[in-house]
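As written, the chains take the letters A, B and C, and residue 1 is the first residue of each chain.
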Amino acid sequence: MKIEAKLAEMGYELPPPGAYLSSQTGPPVPVVVRNNIVYVSGHSARGIDGKGAAPKGAVPSKVSPDDAREAAKGAALTILTQIKEEIGDLDRISKWLYVAGMVASDPGFDRTSYVMSGFSEFIIELFGPEIGNHARAAAGHSTLAGNSCVIVAAQVEIDGH
Amino acid sequence: MKIEAKLAEMGYELPPPGAYLSSQTGPPVPVVVRNNIVYVSGHSARGIDGKGAAPKGAVPSKVSPDDAREAAKGAALTILTQIKEEIGDLDRISKWLYVAGMVASDPGFDRTSYVMSGFSEFIIELFGPEIGNHARAAAGHSTLAGNSCVIVAAQVEIDGH
Amino acid sequence: MKIEAKLAEMGYELPPPGAYLSSQTGPPVPVVVRNNIVYVSGHSARGIDGKGAAPKGAVPSKVSPDDAREAAKGAALTILTQIKEEIGDLDRISKWLYVAGMVASDPGFDRTSYVMSGFSEFIIELFGPEIGNHARAAAGHSTLAGNSCVIVAAQVEIDGH
């Protein structure tokens, strides 16, 4: 439980499971694990109280870049909860491979990378750069599921145990 | 041919091959198969008559959420045709891994998950939840190839035969 | 160095490394290599002089489809530089698997495939169709990192040496 201890040391706790807001109305699963790869569905931030905590709408007209950056970090926490539900122990994560960062954005907004770095810096601090660093896209979208300001999907490698 | 029998039982038939509308003007291939993974290009719905059947434009201003949901199901049929062309038998599909759902959407539209569940529910009914369930994103886009209302890309695992 | 010789023969040269414009403000790495798969972050075009060379903003209101198509080809060059930095020799690329093409687009723009084929045709000519052809999506986005007109992410297979 090294990762969870580090998480606590950083001042965070995992939100409760069931946090899979972006498909409340849909059937897919939060994560699929196959051949040591975890395919992570798009997730948004979620409050510790079990409610969606992130502000809604496009950056920057409805949500500030800094609030969206915080929401990107919140999406990381949601994802960690859902991966843990499936694989049991976050220490099994051996490499963050690819992160698809989606930011609801007004046309011309040029700081989607800044927003998504709220996610990336958090994951890299938590797992260390060797495991945590990842390839990434940070694209602007006209809107996202549930009008979320940030949704993140990912591919993560786990060990074979 | 269990999957095709189930498809007929559900009242559907595969559109003819060559349905790869989203890149009519481009060179890539509909699917790449490598190391038991099928990488599926973005596909839109297509009519049985060989013509693009889905309505064009953004949801909800140009296309209703229900029509887009139907178009998402249609994209599933297009994808099944193109996978079958490449691997010969849809029964070889051993797991739907990840589905990138793209919905042309007006800013603030909050039901992209509802639209994409037209795809997901169809695939899960056809393949059963163990094989059919998948990780998914359902993002809103300012526009899509060919002005399609819904385009779906995917990664699918097949057996090794 | 067959690929670099072919590149020169086609009249192109690789831009210098460090071309990873789309995350200038963020921490992720340009590429992650794991289990013979190169996960390539979103990249935009970049000039030979080391500056971002592609025009900024949405197609077609700010950037013409043809200029965006050229920017898609430029993104291919940026990606090749960054892959070479990591794996040493572009001849190690054994298959282009999946290309996520992202085009900053005004609503209703229907030629994102045309734009992205600037990338695809270049890669297919350079590597030949057997290695170079790929699955692809070509989606329109309200905006992209750094207000780029085109950003491309990819998954590429390399040999095991």
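Basically, a residue touches a chain if its C-beta (ideal position, glycine included) is under 8 Å from a C-beta of that chain, and two chains touch if they have at least 3 such contacts.
Keep in mind the model is a prediction, meaning the values are calculated, not measured.
Chain contacts in this assembly form a complete graph, since each chain touches every other chain. Interface note: subunit A and subunit C, two copies of one sequence, contact each other through mostly non-matching residue numbers (shared numbers fall below half of all numbers used). Between subunit A and subunit B the CA-based rotation angle works out to 120°, given as a multiple of 5.
Between the CA-based centres of subunit A and subunit C the separation comes to 25 Å, rounded to the whole angstrom.
The residues of subunit B that reach two or more other chains are 58, 100, 106-107, 141-142, 155, listed in rising order.
The part of subunit C that touches subunit A in the complex is made up of residues 22-32, 34-35, 37, 39-42, 56-58, 100, 102, 104, 106-107, 141-147, 151, 153, 155. Contact residues of subunit C toward subunit B in the complex are 58, 95-100, 105-114, 116-117, 120-121, 124, 133-142, 155, 157.
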